[in-house]
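Next up, some structures in structure tokens.
Each of the next two complexes has chain A plus one other chain: chain B in the first, chain C in the second.
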Partner chain A sequence: MRLEYLGWRVFYSFLAFAISITFTFILIHAMPGDYLHVILPSLADKNPLATELFEEQFGFDKPLVDQYVLYVINVFQGNWGYSIQYGQPVTAVIISKLCWTMIILLPATLLSILIGVAIGSYSGWSSGSLADSFIFKIMIFLGAVPSYWWAIILILVLGFYLGLFPLGGYMSVRALNEGLSYYDVLYHAVLPIVALTLAMVPGVYYLMRTSMLQTVGQDYILTARCKGLGELKILQHHALKNAMLPMVTMMAIELAHTIMGSVFVETIFSWPGMGYLTYEALRVRDIPLLQGIFLMDTLIIILANMATDFSYPFIDPRAEVGKIG
Partner chain B sequence: MTIKSSAMGRAFGILFLSFFVAASFIGNVAADSGEDPLVIAASSSFFTQGNVLSKGGVPTGSFAYEGLIARNREGGYDGWLAKSWESNDDASIWTFHLVDNATWHDGEPFTSEDVKFTHDYLKKKKLWLSSVLSKVDHVECPDENTAIFYLKTPFSAFLDSLSHCPGIGIIPKHIWESVDDPDHYADDKFIGTGPFKFEKAISEQYVKLVANENYHGQKPQVKEAILKIITNKDSQILSLRSGDVDVVSDISPAVAKSLIGSQGIDVSVVPDTRGYELGMQCNNSPTDNKDFRNAMAHAINRERICDIVFDGYAHPTMTTFLMPVVAHDFVNEDVPGDDYGYDLKKAKDLLESAGFLDSDGDGWREGPDKEKLNLIFVIQGNGADASGRMAEVLKEEWKQIGLDVKIKLTESEQYSEERRHSNFFISGMPYLMHDDADDLSHFECNSYFGQKNWYDFSNQRYNELNEKLRSIADRDERRKIGYEMQEILADEVPSVPICSADLIFAHRSDRFAGWENLTPLYWDVDTKMLLNLKRA
Partner chain C sequence: MARDGTLVAALLMLAIYILIAVFSPYLAPYAPSDLAGRPLEGPGNSHLLGTNDLGQDIFSSLLYGTRATLFLGFLGGLISVLTSLLFGMVSAYYGGLTDEMVTRIVDIMMTIPGFPLLIVLVVFLPQSLFIIGGVMGLIGGAQGIRVIRSQVLSLVEAEFIYGVKAMGASDHYVMAKHILPGVFPLAIMMFVNAAQRYMLMGVGLGFLGLGDPSVIDWGQMISRAYSNGGFALGLWWWLIPPGLAVVLLSLALALLGYSLETEAEPRLKMRKMIH
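Our next item is the complex of A and B:
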């Protein structure tokens, strides 16, 4: 990897971040409505003084350019502002929600990758077989069902009718007296994880199956067969490794997306993660919080992309990042 | 491959089984807890986010804080931290006599200094909530139990401002005087004077409140109340059915019907909590035509709306804006007579006499200028709520009189603007906006801060009466003025009453009793309701 390329990559990432900050700022400020009109529409409608004071209180009365300059300076100084709703630093609010999102989305992402890769590679390897056809149809069905439908069905069947799992939340009421229990959190996390995994598996499956189909036709697979290697060995040592390459990018992006959370699943399970936080911040027009959330999203996506780029030479020694031709 | 696959399958099977067993074990333990407290399903942990001043008043829903007075449904006010109050003749000086045995949750005594401090602090910090007190010049405390508000101008609706929408909660001076920056202050104690003390919270999950044994008023019989945050309404209902929560507020009529007959669950109704009207834009054609508006007043089948939209949980209303069940003698019973009666023939006749005819024979009426009518009915949201469904029913109804209406759905943030460019909209407001002559200011030309009203309605005499009403404290005088204002509204018809809808609660009757005669201020379980409850 060339140092020059590394420098340019970092520079472009910084540029992307700066552009994103600007766009985010413009888009968020272009949205109609404000916090006061959402929480107290009757007061805001009837009493413009309330709006005037509100804008003065949170600095929205300043010219937009001044707000932007101040915002950019603050962001680069590590001050992402205070949430109107929570009265806390935006970063503190985001980090606390991010932890809860990670508890369900990280296992769901990893599980979906594991299951998707396993089933996808098998399906691609045995392309055209009855099993492949069956799995493919199942995956089409799974892919067509939205995550919130799974969430509702899981709550109804496993939570309500069978009583095996809680109906939502991340802790049982006894936590108020006994404090946090990791088992309790895990127990509450099961259904959201299952719902998310079911919704995410088809995407991984399709990519892995396609990638495997391309690999199966390669000359080195034919060579391996000619050498008399067993099918399992060819799959494990030759096909899978090569078919996995496109998955690296997908895994990085999928993991980066986890921080955005899942609005529907989090809402249905009353799971206080990033998805629900974003939805709420958008609903009540908590502008500093919204800006912080989008900034964090951008930052993580950029970092994930950089990490993918830089990790390629380690995964596939043939790939040389930054070298053309 | 086959051997490996089956081994993997077995491993997955064992893992799944182990987890299933572990999960079932934890589930059993969890089910044993939470017998004593009253568990209330809440849609958000709004109460514990930030601090009390960032939330906009504390009418009755915070449980921990109190205001000076609270609005009741009998047309008056209940004492809260004030036991009595009076004003001078022109409603410019308001004196509150405070309860003498109230203490803050940390044991400090409550005094009139806290009332003065609340006013001064809001103004000093220029918090948006201080706009509620903008008419107050200063507050004086002649003794520990008296607070006198001196207003800049007479304001008869001052008690309304103090009590709701959003109202002013009193904050403790000894705590807040050290809070320099209230915008960036996340409270974690919530020290108030209310009947319940904040004990602890689990972020976005539970808020635990315990009864305040030193409460100055009626002491709560429920010793512990827990707000359980369940963001989805359907999940709240499932939690009620499974026994995880004891009460769910503001449920839909369809859900209420599905719960009737469920073991251990009762459905209670608070009648007439929301008033719905058909609003008309008086500046846009053809609703700028008074005769057209008059015709529309006869084209509303209220019974049908109550049945279809509210499943019977609503009652037709025929009085001009104010609702008799809460506004009592403020309602002028003599207006509008039968001018709002459902009569499509009369509506057609009125339209025809006003020049709205189907001149080209296509089945739809044109305007007096022979131009096609462009009727817009603007609805906030996705149209799935009561307003949207009412608009659909009315659209169908109005086809019979040759009017083709387009329903336009709009986001809440753009609704105010879209309303200005429409012809029809549904005005749905809590009963608190229909319970006093002061609420008629809703139709004043420029309201009292210079903004146009929702209807672009303007009537000089009406504005004069409203100005007069604002400066008179005497109830009889105010009632007379209100009567004349209602006569003008009935004549001009900027809006037509449709119905008043009920608020529906579902609760576990096998655990708690005292759900009768519920009168929450808004739509959630509030302090007043909690004080009535006891174990079944």
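Our next item is the complex of A and C:
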């Protein structure tokens, strides 16, 4: 049962990726003007061999079916084409930007999970109380606010009016002389991290609260109470650990989705990550780059899904895979 | 009573937005494309919220922008709910191979990230409000199929459905008269939630330069302010109003969704248990 289920999941993931590849292939070919022919002339000027190389790699002279096969092979070999804007291989551009995204995304995810779990478990534990309904209502408000609004407000208030933080970017002008310092980068990262965290907390909160609500009703909580354990001990040792389980599933997938979702925050803060790259690619209609970003996102999300699928039975041995989620 | 207050407040806010959208030509002091004043004027008597870099009246653009955002949200929400309803109902009602196929396709669709897919499709297709709303609705609708399906599955097994069928009612009749009313409250809530999401997303797309260029929308306003020094010069009257407008609208819909949810508590509990 377990193996069969996991097998199916892998199969679906593979299918989904195959569909994505087909989709990007159609996209690139349906776009007016073959993008490689845009780059090719300037390259051929400098290096006549490039023409031959491109012909061989992308097979312009072959029928469409052969081109498709070549494209699929190229994708799996890591040749995702060349960015028009950067004039570099798409994969190289994306990977260099992914690191920058991680600088703000990882702390934001950790923070939002810490805050969301703390408030969510408290809210679920004391469900029905005045505090719970108060927090719940605040979270409805927070959840309705888009990430770009946080970004705008944070920049205007803390950046422009109070002058506490930079208006955007990832380093000061000073860095041109003194070189990039970690402190400087972190200083620029603070506001994007806060904006992302604010946007992510409500989701974590809802999940944690629901999960805690279900846990509170379990028999083993009753047992713990009957043993005479203090409320805090029950919360710490019995309720929290079990209620945290769905969070594990959520974490990887949330992280994967936010890599793309940070497009607004990164753009408004001019943070040079994947989101800003997407914005730039859209601005100049850099289709190969856009294709690469889309493929990378699909890949990341598929991998995150599979990782949680495979790791869940180890985290929660009770779960018969296929029956959860 | 408090619950009713929320509902009324949310509906009132929504009504104000709809009225503004409908009557924006009469409410706006200038046509939004008019070069009505000097560029980058601050808020004043002649221009309530100042002017943008072209000298267009920001307040008028703000009023006109209500239309695009509301339209996108409602169109996207409608299409998404209709998609979920159609496939969810058919899949659960007929079961067997149909069900198998629909669930498999949904499984695969769920693996492809929605937002990137949306962006790529919108770049690729002609940029019009109808198409953007349609694509958003279709992508989002695929995710709602499961929810509708599980709700219908529990209905299909109900005794009264067997009874109606035994009396010779056709499948179409059963679905329209007995299944649809059963999932209708759920569909309404899905609609409200979806509309809220798509309004935020529509403004986001406008910000990314993916909106319909022939209409004014709040996202494009923010984008213009952003790329023309709105932050560096601290032009709050250009950046804040469109953002605040969409945030308040989103809040109204969130509150509406929340109060509907509490109204329909029994049904919802059922849904949560199944899901």
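Assume the second predicted complex is superposed on the first by the 262 of 325 C-alpha atoms of A that agree within 3 Å, B and C clash if a C-alpha of one lies under 4 Å from a C-alpha of the other, contacts with A are read in each partner's own complex, and residues count from 1 in each chain.
Definition applied: contacts are C-beta pairs under 8 Å (C-beta built on N, C-alpha and C of every residue); 3 or more make two chains touch, one makes a residue touch a chain.
Since the model is a prediction, treat every value here as computed from it, not as a measurement.
Taking chain B and chain C in turn and counting the residues of chain A each one touches, the greater count comes from B.
Shared-chain residue A:Y86: touches chain B; no touch with chain C.
Contacts of A:D45 after superposition: chain B is touched, whereas chain C is not reached.
Applying the stated contact rule after C-alpha superposition, one finds that A:I268 touches each of chain B and chain C. In the superposed pair of complexes, A:H257 makes contact with chain C only, with no contact to chain B.
With both structures placed on the common chain, the touch criterion links A:I155 to chain B and to chain C. In the superposition on chain A, contact is made by A:L167 with both chain B and chain C. By the touch criterion defined above, A:H238 reaches neither chain B nor chain C.
By the document's definition of touching, of the two partners only chain C reaches A:N305; chain B does not. When the two complexes are superposed on chain A, the residues of chain A that touch both chain B and chain C are 31, 152, 155-156, 159-160, 167-168, 267-268, 285. Of all the residues in chain A, the ones that touch chain B in their complex are 31-33, 36-40, 42-43, 45-54, 56-58, 82-88, 96, 118, 152, 155-156, 159-160, 163-176, 183-184, 187, 190, 231-232, 235, 266-270, 272, 276, 280, 285. Interface residues of chain C, counted against chain A in their complex, comprise 104, 107-109, 111-113, 115-117, 119-120, 123-124, 196, 200, 203-204, 207-210, 222, 226, 231-232, 234, 236, 239-240, 243-244, 246-247, 250-251, 253-255, 258, 272.
For chain A in complex with chain C, the touching residues are 12-13, 15-16, 19-20, 23-24, 27, 30-31, 140-141, 143-146, 148-149, 152-153, 155-156, 159-161, 167-168, 210, 256-257, 260-261, 263-264, 267-268, 278-279, 282-283, 285, 287, 290-291, 293-294, 297-298, 301-302, 305. Across the complex, chain A is touched by residues 1, 4, 8, 19-20, 22-24, 26-27, 30-31, 33-34, 37, 39, 44, 49-51, 54-56, 126-132, 134, 165-166, 183-187, 200, 202-206, 208, 226, 228-232, 234-235, 238-239, 241-242, 244, 411-414, 416-417, 429, 433, 447, 449-451 of chain B.
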